[in-house]
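The structures considered in this document are given below.
Shared between the two complexes below is subunit A, which has subunit B as its partner in the first and subunit C in the second.
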Partner chain A sequence: MLITATGRRRKSTVPVMRWLAPLSPALLIMLLFFAGPVLWSVYIAFTNKALTGVGAQHAKWVGFSNFVHLLSDPLFVHSLLLTVLFVLGSAVVGQNTLGFLIALLERGKSRFFVATLNTFIIGAWVMPEIVAGFTWYAYLYQGGVLDTWLSHIGLSQDWLYTAPMLAVIIANIWRGTAFSMLVYSAGLSDLPGELLEAAQVDGANQLSMLRRVIIPLMRRSIVTNLMLITLQTLGDFTLIFVMTAGGPGEASQTTPLYIYQQALQLYNISYGTAISLVLLLVGAAFSIVYMKMVKVQEEVA
Partner chain B sequence: MRRRVRLSAVAAVTAAVGGVVPAALPASAASGGTIKVVYQVQGGDPALTNLVKTAAAEFAKQYPGWTVNLSPITSPAENDYYTKLDLMNQSSSTAPDVMYEDTFLVNSDVAAGYLAPLNQYLSKWSGWKSFSPAAQAAGKGANGDIYGVSMGTDTRGLIYNKQILAKAGIPVPWHPKTWADVIKAAAAIKAKEPGVYPINVYGGTGEGEGSTMQGFEMFLYGTNNWLFDSKTAKWEKAGAGFQAALTQYQTIYAKQNLGVPVQTALGSQTWQVVQQSYLPAGKLGIDLDGSWVPGTWLPTGPKPWPTWTKTLGITAMPTQNGQGPGHVSMSGGWLMSVGSKSKNKQMAFNYITIALNMKNSLYYDINASQIAARTDVANAPSYKAQGYGAATFSSFVPFTHFRPAFAAYPKLSTEIQLITGQVMTGQKTPAQAVAEYNQYLVQTVGAKNVENAPA
Partner chain C sequence: MSAAQVDDLVVVGTPVTTVTTARRRFGITSPRLFWSKVAAYLVLLLIAAFYIAPLVWLVLASFEPAASVSTPAPLVLSFSNFAKVLNWSTTFEPLINSAVLSGGTAVLTVLAAILAAYPLSRYQLRFRKPFLYTIVFSTGLPLTAVLVPVYSMFARFNLIDNVPAVILFMTATSLPFGIWMMKSFMDGVPIDLEQAAWVDGASWLVSLRRVVAPLMLPGIMVITIFTFVSQWGNFFVPFILLQSQSKFPAAVSIYTFFSQYGLVDYGQLAAFSMLYTLPAVGLWVVAARFLRGSFTFAGAVKG
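So, the complex of A and B:
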């Protein structure tokens, strides 16, 4: 009796402890190193915290003034447009489409062919971003590798200067396509073979197979992939910083670079933080759009 | 070479170390410990590193039980050094005891609570009397306290290649009277010598404070539209003079293509390329630059060039139309300062007294091509024997200007770097850049602290 009673009493406390006890070290670390900085940065965005000057010593609560200022800051708006261009160009269109196509073309090819091709594509992806940035810089700068090649046929280029957004978008497609390709390879290998065969038997050609069978079946992979690469690309700093440093002037100054400039070059930590919160909202907006897309498609299906 | 060094001594006081302590030492010295010295390392310029190391060895010898933790910040870009130092200064666990501090940041960093006033220590230091009154004031804050000991000052002017100018038909020695003379000479070089870059004027964010001071302000202070009106204690709006200065950037980079390639000019390594490559190689006609540049070509410098005076001449920068004193120069310089979060301020200061004593100042001023802050250094035979470069740049002192040493200056300076870059690439016209600066100015210092530009 006694034993049962204690056992019962214990039972009521066990469920919480059962997950809390083993999780607590991880939770503690998350709170300390993740939630802490996030909350701090939210707080800082509402002050006049700076790296030097009066705001460094006695940061004051300034309410929404950083955010109000944002609305009338043409450089911020400019940076946001460039960021959206960068995300759409390099991730949503570039990496996503190219990754899908490569995954599709690799289906049913010899193992040797696939392994060789993947080595190159994934090689670009596993390369540290700063190395990828320098590689592209060396390739594209005036008098660089590409220029030297072009000079043999009497041409020249200076895209880092004349078309900096194009240059960083191409570099980011080169660097990030592997990720989409891997996601789609996995997704394609999960497709039920009999469905594809049935479609073939019904006389569907390649294009309509792709449009009516493969893509609808892959929509969850597509949304997941889009969400992940969008968030990755939205915050991308290193590649652009190494290649153009946001320049010339502000011609490739995406929002992360603008945040860096405001916070660490103009010493306005609080303003930089406020911008980064807005960038967070942009990421959330993209995510909601993707979620809606998958929902709508599922309803249609 | 560029002057940038910071000594940041963040002294984490470690365990007390016993030792033979002379009776005369201050009480804090008795226990022993470590002081942290933070300074900048850039571009193969060894003078500051040598100075800091020599002083550290002498300090350890003089104060047994005490050691110096040398903590260099390696950064070719000046602004990166300021940022990293500011970040270090945020927390007492990382803040330096002794730091290498740019004079123009003094008031900003005092307002931020990073620097300790030195008056009580200076009054007991016999060496302080050897600093000229101007040098003593170099580290003076807005409240009148002294926040740093001057390591030397500098001036700015035009360094030109005599052969290149002669070939372009410009008589040497060259004495331009107006900005138009300077642009005319650059245009003549461009017309006659296709392989040569006619002129270098720093601009853009990559060159940091160098763009503002060696570049833009050397034009601006040759007009009557300065950044700050000391009579009314208000910031001046950008007006005709400001726009004229920006127009020179437009002429040189965006319109007539008289400068080094914009891609190079906007990078953070321009100064290194100009001083260590273009000038020695005879690829650059005129360089608007600072008095420390000849230090690059000393036997101990990053690019030894013993015969540079045969090739290069130095002349003063003219005012816009030759008005006023006729010439213009800007002066700055660096300090050694004590961090406010230092737990051993007396020992940090003692380190500075060793680093900037007569012997070490003399070494530094010669090897970093500084205009001496100490009168005993200025009178030393080896200092006087430096010859043409030092003598010419020192002669610019009578008409030199200092930057407005207020907390807002660093922000305005960065804004100036941004807009010069935009004008250089042609993204903005000078008029548009003026409008942008005025908007930023009002927003940064407040409308009540701004006055209209002089007509």
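So, the complex of A and C:
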């Protein structure tokens, strides 16, 4: 009797509390510290708020003027182009292709060899980003390791100065390829083995097999991976900050570094927030595509 | 369809292909396969070199007493760099600060996420789908873009340099992914086990603590370690939101060291970098173990 009574009591409790109570700590933290600042940033971007001067005490509503300024700011446009170059070069082309290549080549190779290689690849990914930054800084610095090797063939130069974008793109490929590789090795191991065998027996050479069989079957993993690495790379700050600090001049100043300079070095908070908002919207657009690809189950478990 | 069956089809279909199939069977094409395997190994070795080369200098420099960025080291094995950095203000204090920030974030994230995941995994709610979509959406947002408004909000409410507030912000950014993972792990725990506890009169909180949580312990460990390791390496957030040196985590203090002495005392920087990196890599190895365990766990539950 007691059991039924408890059971009935459970049903009669207010259902709202049953889901709201457990959800509320997470909701509260996310609303206060995540959603709050995002909404706040929308407001700030339309004011002339600054940390010092007139804007610090009495921020005024200035309408779209921050955004109008953005469009005519050559440094912003420049930073946006560099961000596109960084994302395309290091993520979409670099990490994506290299990750796929490694996953493909590692199939059916000696276990020990694969495990050793993966230790380095995944180690580069797990190591704190700032350490990866120093490592590449020391490697590329004039007189550093790579430079000493290259000086034997007459290519000695300060790569961080002569080719800063190339330097940060290669460093970011080094750092981030592990993710794509893990996604693709999981995807490849899910491929039906018979299908690959059949294509091979059918006389398909490796290149046409890749193009006609493997890539079409992997389309879903490829698109998901591209979305995720684009999102991870879009806001990348630390690696570039440590290696070149956006320099020389503005030669490697991607949008996150430009935001940092405007808002936190020049204390131009409202303008920095307006740029942040643009970056956030670009990220949101990619995130919506990604969200559409993730299936949320209709029924509870 | 097995290879043999395909062969049969080929034989019936096109005789030309049969010849190549036959050749293959007698091993005529095996030299080609052999060379393609050699080529694959060569490419993988090149990739290995690309990965190892930058690390070589970091490791060598940490053992080289007089290492600087611009002098390649002779091979001397010495722990003097480690001895020099192993003091309170260079190593211990920053590492403890890092542990407090990432540990606090990991614990709060896991606690809030496990509570939040429960109704999302167990109840049929009208807002469940849109809520989960919002969670997935927020995992993708570039955090760099949120940091300026967060900074001005922190400045407005006098929270700059306030460690608990920084932990709460880090928790807010870790929660979307944490909830998402936690819910997936929780979906793997069959609801029947819990119903037995309900019949015994247990409340949802008791059944969550006594039945669900112990069963998904490997998953909880993975989320804890994942959150810890990602915040352990976080540089930008503490760099912006903290100000006093005594509160800096290793990521920030190591950057300060780098900009002051990095070019001169590269050996010490390398030694400190190694001490700072090892916990992250070590925990990752542990997490990989747990993850493998939890995959088999999920399989066992389904079967």
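Rule of thumb we're sticking to: the second predicted complex is superposed on the first by the 257 of 301 C-alpha atoms of A that agree within 3 Å, B and C clash if a C-alpha of one lies under 4 Å from a C-alpha of the other, contacts with A are read in each partner's own complex, and residues count from 1 in each chain.
As a working rule, a residue touches a chain if its C-beta (ideal position, glycine included) is under 8 Å from a C-beta of that chain, and two chains touch if they have at least 3 such contacts.
Please read these numbers as outputs of a predicted model, since none were measured by experiment.
Look at A:243: by the touch rule set out above, it reaches neither subunit B nor subunit C.
Of the two partner chains placed around the shared chain by superposition, neither subunit B nor subunit C is touched by A:165. By the touch criterion defined above, A:288 reaches subunit C but does not reach subunit B. Contacts of A:231 after superposition: subunit C is touched, whereas subunit B is not reached. When the shared chain is aligned, subunit C comes close enough to touch A:102, but subunit B does not. Taking subunit B and subunit C in turn and counting the residues of subunit A each one touches, the greater count comes from C. By the touch criterion defined above, A:264 reaches both subunit B and subunit C. In the superposition on chain A, contact of A:141 is made with both subunit B and subunit C.
Of the two partner chains placed by the overlay, only subunit C lies in contact with A:276; subunit B stays clear of it. In the superposition on chain A, the residues of subunit A contacted by subunit B and by subunit C overlap at 51, 141-142, 264. By the touch criterion stated above, subunit A contacts subunit C in their complex at residues 2-3, 6-7, 10, 18-19, 22-23, 25-27, 29-30, 32-34, 36-38, 40-41, 44, 49, 51, 98, 101-102, 105-106, 109, 113, 116-117, 120-124, 126-131, 134-139, 141-146, 148, 174, 194-195, 197-198, 201-203, 206, 227-228, 231, 234-238, 242, 256, 259, 263-264, 269, 272-273, 276-277, 279-280, 283-284, 286-288, 290-291, 294, 296-301. Contacts from subunit B toward subunit A in the complex involve residues 79, 82-83, 86-87, 90, 105, 108-109, 111-114, 204-206, 261-263, 266, 407-408, 410-411, 414-415, 421-422, 425, 427-428, 443. Against subunit A, in their complex, subunit C makes its touches with residues 1-3, 6-7, 10, 17, 20-21, 24, 36, 40-41, 43-44, 47-48, 50-58, 61, 69-72, 108, 111-113, 115-116, 118-125, 128-129, 132-133, 136-153, 155, 168-169, 171-173, 175-176, 179, 186-191, 198-201, 204, 229, 232-233, 235-236, 240, 250-251, 254-255, 258, 262, 266, 269-270, 273, 276-277, 280-281, 284. Against subunit B, the residues of subunit A that register as touching in their complex are 50-57, 69, 141-142, 158, 160-161, 245, 247-251, 261, 264-268.
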